[in-house]
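Here subunit A shows up in two complexes: once beside subunit B, once beside subunit C.
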Partner chain A sequence: MGRQLLIDNINQTGIHTLEGYRTYGGYQALEKALRMKPEDIVAEVQKSGLRGRGGAGFPTGMKWSFIAKPPGVPRHLVCNADESEPGTFKDRYLMQRKPHLLIEGMIISSFALGANLSYIYIRGEMMAQFHILQNAIDEAYAAGLLGKNILNSGFDLDLHVHCGAGAYICGEETALIESLEGKRGNPRIKPPFPAVSGVWDRPTVVNNVETIAAVVPVINISGEEYAKIGIGKSTGTKLISACGHINKPGVYEIELGVPVEEFIYSENYCGGIKDGRKLKAVVAGGSSVPILPAELILKTAKGEPRLMSYESLGDGGFATGTMLGSGGFIVMDESTSVVKNLFNFTRFYHHESCGQCSPCREGTGWMEKILRKILDGRGTIADIDLLWDIQGKIEGKTICPLGEAAAWPVAAAIRHFRPEFEEYVKNPQNIKDVKHYYRLNNLQEA
Partner chain B sequence: MPEFSTEAQELVQRIIKRYPEGKQKSAILPVLHIAQAEFQGWLSVPVMDYVASLLKILPIEVYEVASFYSMFNLKPVGKCVIEVCRTGPCWLMGAEDVVHHIEKKLGVKEGETTKDGMFTLKTVECLAACGSAPMMQVGETYHENLSLEKVDSILNEYKTNTKEHISHWDKKHIKK
Partner chain C sequence: MAKVTIDGHTIEVPTGTTILEAARMIGGPIVPPAMCYYSKLKTTGGYCRTCIVKVSKGSEKDPRPMPKPVASCRTTVMDGMEVQNITSPDLLEARAGVVEFLLLNHPLDCPICDQAGECHLQDLGYENGKSKTRYEFDRREFEPIEIGDKIKLHMKRCIHCFRCVKLAEQLTPERFQGMLNRGDHSEISTYIKHAIDNEFSGNMIDVCPVGALTDKTFRFKSRVWFVNPEDAHRNCSKCAGKARIWLKGEEVLRVTARKDKYGEAIDWICNECRFDKKKTSDWVIEKPTHIDRHSVISMNHYESLKDLKQDVDKQQKQLVNKKVNLGQGALNPNNSI
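Here is the complex of A and B:
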């Protein structure tokens, strides 16, 4: 197994406390960072090549360098702990076990950005972790790690944890900002970008939990050392939350570049497919990224081994590739119905659409209805073409990327598994291969 | 007008201070969670009006937020709200059977409350515990790696031990 920079010592008892965290080297990076100049921390993060771990993979140092600095206007750092992308469960794990890692990362990052008031926006369902973070923040205040003149550096920071209340869309950064302002989670039109006008119209950086946590090892080992881990522009380590039909579901920290085949079959990671079944397909980066059939997830179209990295998973574009996304790795065995799984995801996106843009609001609803019709055995070949047509009319025509997140899975499922859709249409009476069937709204067992 | 307990009122004032002056509206989501904890797990119109008065905002600003977020209940619920995850990864691992089983056992459909006011069954979207699917949440507690037998024993336990409403924002975090 490779190096662990985030979940090392995660199973030690007491590591969730300040004292326990310090025993394993906690807050050393903060002491180092407070002796640096803020712009040197930004430079260090740029050198590390760290990319946003929330899904889009945007270089973190570059994002930080964009923050506007109008004189007299406060700036804010907001940590995105909304983790709701189906298949993703790494941030919750990290916050549960090592809340101080996130807090240390927040202090360093706030210092680098010149923010004196920062927030962790955690999804409302994670109330247990909300209170764990609150307790850890209280400990940090008591120890002089938060508040005025932190460790005699002259830097002041107030850090608060804020809870959501159940809405996937609030993970989108501008919706998250609206929600933090106490409104419905309706995404904003960009520009202006949050770095110029974010929460309360002030310059704001929004970063994922894992991104902020990764700043701690970047400072500890230096940007240059961090960049040596991984492969190409996929530097460092990444948390992968693996689930579905595998022997060992859980959160794994990998050095980027591990072959997908090793990740799925090695005992160090997923431990192979459950009950000795065959691999059918993988959704590699959370429900929004294109599904790939076994042959394309293990090897690229060029026949090279596929690696767990931004570039390798993306190789071939959407025609034959996918995305690393949030690291939510969903494995499906041969008994899985891709059509039913797609129905479930489409239902999810329809439910979670905020409703501002008609292509997303209506398109997700139509796609759900058509898929239900196909699952019901009432579909036609024209319905499959219609699905294809609708998904193509959402992409690029909406305020936020939830539209695409809903469209891409539909496109990919039809692209790679069209014969399966046709089987539902032509021979619905033959569809008996799946253990679980979707019964919601009286859908009959096939 | 309904009123929070003294402890809850103090907590609300501490929360409001977490946001810049004049931005107290930002406290609305935590305060609505506390309201559900204080008032039997749901938000009635008088309760929402009370929250509006605490935050010095218009009642409509509270209604529009309360109706947007899925964790807020706008009608009465049972003492124990069971939220079963129904999204892809949990569904792959048998969430469907779990929902089915609970419906049969409690004699309610998804979204309904048992006649004795003990249980409400809800289905919810991915709760970031897909590695221990299928799973369900009750209050702040996650119940993971469910089997039907495990579901039975969890339900029996709640049935025996639930004296008052269980809310997401657990009452023990208000009292201290």
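Here is the complex of A and C:
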């Protein structure tokens, strides 16, 4: 096991309370940070090489330095806790067990950005975590860690946790901002970017829960020390939520650069494939990143071992690579049908498309219908080519990245598993789908 | 000022101009089509994606090309920017894809749709679409809704351009309509079938690029190409009174706003002018409307016919040239065709 900076002591009783969190060294980073200058904190985060943990992997320090600073205009920090990517459940775990880590990170980051009013936007389905966070915030207010003149530093911060109504699209930063303002969660058309005009038309930074939590260890151990962990430009530790056909599903904190093979088969992490079956494919970073077959996820196209890092997983582009994404690691064994899995993903994106721009609104529904047809055994080879064509016409033509998120899984599944699609088309009698009978005969499922 | 090159035409435009506006200043076939952008309404555009263009050079300072096609109606020009519209085959392919998406759930009921002849989607379909659809599933269906006593909403024809919503936000005192539901089952609707009732609500018929919002006083009266548009005016206390009346013989079949060549209203008109003034004596007729849109509706006009004749001649000439070239190619023994 590597170093644990985020989930250390997470199983200690009482760590979710302020007292318990303080027992294990909590809020020391805040005291240190409040003695620093805000620009030094930004510099420290830049030095650490910390990258956005929500999926895109954009350098956090650089994002912070982009925020517009017009005089007299308040700035805001918004924490994106709308974790809804299928396969990703790291933020929920962190907020449930160590809510004060996030709050401490929020105070430090707000101080660094000069924000006096910050928000945590939490997904509607996470009601339990919403209450845990709210209790933790109340505790922090009572202890003088939030509110006016925090720890006699002269810095004021009000922190609100806002509950969404449960839409995947509200995890897109501009949709999140719209939703936070009380409107329908539709992505805004960019530019202007949130760094210039975000919440209430003021400069805003939106960061993922894990990114903000990671600021705490960065301050604690210094940026240089943090940058030593990891490999190359992928510095620090990353939470990976592993699920699927593995012996030990759960949230793991890894030092970036652990080989994928070790992560899947080591007893410290996933513990190998369930029931001794063979690995078939892995979706390495949440449902929207391209699926990779076993031989490509363990080794790159050049034959080098693939590592859990932004660069190594991305090696080979989308032809033979994938992305680290948000860290939703979905493992599939040989008994899994990639076509059914893809149908499930596509159905999700169809359901979650906001309906603003034409390619995503119409294309996601179309792809779902074609996949359902293939699953029902009524597909043709032309349908597979059509799917390929549709995903290409969605990708890159949409307002927000949901279009790409819907197109990439389809492209990757066809790219790597086309024979399986063809099998569905050529031998529909072999399909072992319980629902298949009902759908074909237009019956209601029992 | 910023210098921008679109399909080889260079123009200098004020900073902050969008690519689409710059293209409209140049004019001609390089202007990207726009279904949701409306220059008279703020914050429109960006939804339909038909106006996408390829930016092959970002600016003088940062010459990198943009990685994805951008919506030209929402992207401002940079000094030294180079844009490809009709000169990029990839882009035209991408646009054809967008048009296909727009037509995917459209009922294609043009034969019974009042908008036929002046429908932007129809024109767009003819320009970029294919004659056959690849969509084999049931199309989205909605029951028509009466919104007020003068306007009817056919949601199944809607392409979600949001123009009517933005118009209500910006022109009328209250907005009653918005979007319900998500994704491909989303619909523009009023809150529990609330009637839209205000002095300028009729303008949403004019901004609608398709036949989703129709004028109930004109529905099924005539095909638009059988009526003669005339520019006319009257003294109106509520609006400028400058309108376009559509005559069949001596009868005023309908009144609309005057529109420019991109189909955008020049002046908004009030509901009184639009729905109640249906007598020739209500209006002072100025002149027959000059229509230069490339559309079925302009076929009544000699000028357009002249253009069309030239067009046909040109195409025939090209065809002949092509044949000659092909013929020579075939005769040439060195050519492997």
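Things worth noting here:
Rule of thumb we're sticking to: the second predicted complex is superposed on the first by the 431 of 446 C-alpha atoms of A that agree within 3 Å, B and C clash if a C-alpha of one lies under 4 Å from a C-alpha of the other, contacts with A are read in each partner's own complex, and residues count from 1 in each chain.
As a convention for this text, contacts are C-beta pairs under 8 Å (C-beta built on N, C-alpha and C of every residue); 3 or more make two chains touch, one makes a residue touch a chain.
No experiment lies behind these values; they were computed from the predicted model shown.
With both structures placed on the common chain, the touch criterion links A:S48 to neither subunit B nor subunit C. Contacts of A:T88 after superposition on the shared chain: subunit B is touched, whereas subunit C is not. Shared-chain residue A:I399: touches subunit C; no touch with subunit B. Applying the stated contact rule after C-alpha superposition, one finds that A:Q356 touches subunit C and leaves subunit B untouched. Once chain A of one complex is fitted onto chain A of the other, the partner contacts of A:S234 are absent, as it touches neither subunit B nor subunit C. By the document's definition of touching, of the two partners only subunit C reaches A:T364; subunit B does not. Contacts of A:S312 after superposition on the shared chain: neither subunit B nor subunit C is touched.
When both complexes are overlaid on chain A, the residue A:A165 reaches subunit B alone and has no touch with subunit C. After overlaying the two complexes on the shared chain, residue contacts for A:R184 are found with subunit B and with subunit C alike. Set against each other, subunit B and subunit C differ in how many residues of subunit A they touch, and the higher count belongs to B. Applying the stated touch rule to the two superposed structures, the overlap between the subunit B and subunit C interfaces on subunit A comprises residues 167, 184, 351-352.
Interface residues of subunit A, counted against subunit C in their complex, comprise 167, 169, 184, 189, 191, 350-359, 361-366, 369, 386, 392-393, 396-399.
Per the touch definition, subunit B reaches subunit A in the complex via residues 18, 20, 23, 25-30, 32-33, 55, 57, 61, 64-65, 68-72, 86-89, 91-94, 96-97, 100, 110, 124-133, 137, 139-142, 168-170, 173.
Those residues of subunit C that touch subunit A in the shared complex are 45-50, 52, 67-69, 71, 74, 76, 94, 97-98, 100-102, 104-105, 134-135, 137, 159-160, 162, 178-179, 181-186.
Interface residues of subunit A, counted against subunit B in their complex, comprise 74, 83-89, 91-92, 117, 123-128, 131, 158, 160, 162-168, 179-185, 200, 241-245, 249-251, 283, 287, 328, 330, 332, 336, 341, 344-345, 348, 351-352, 435-440.
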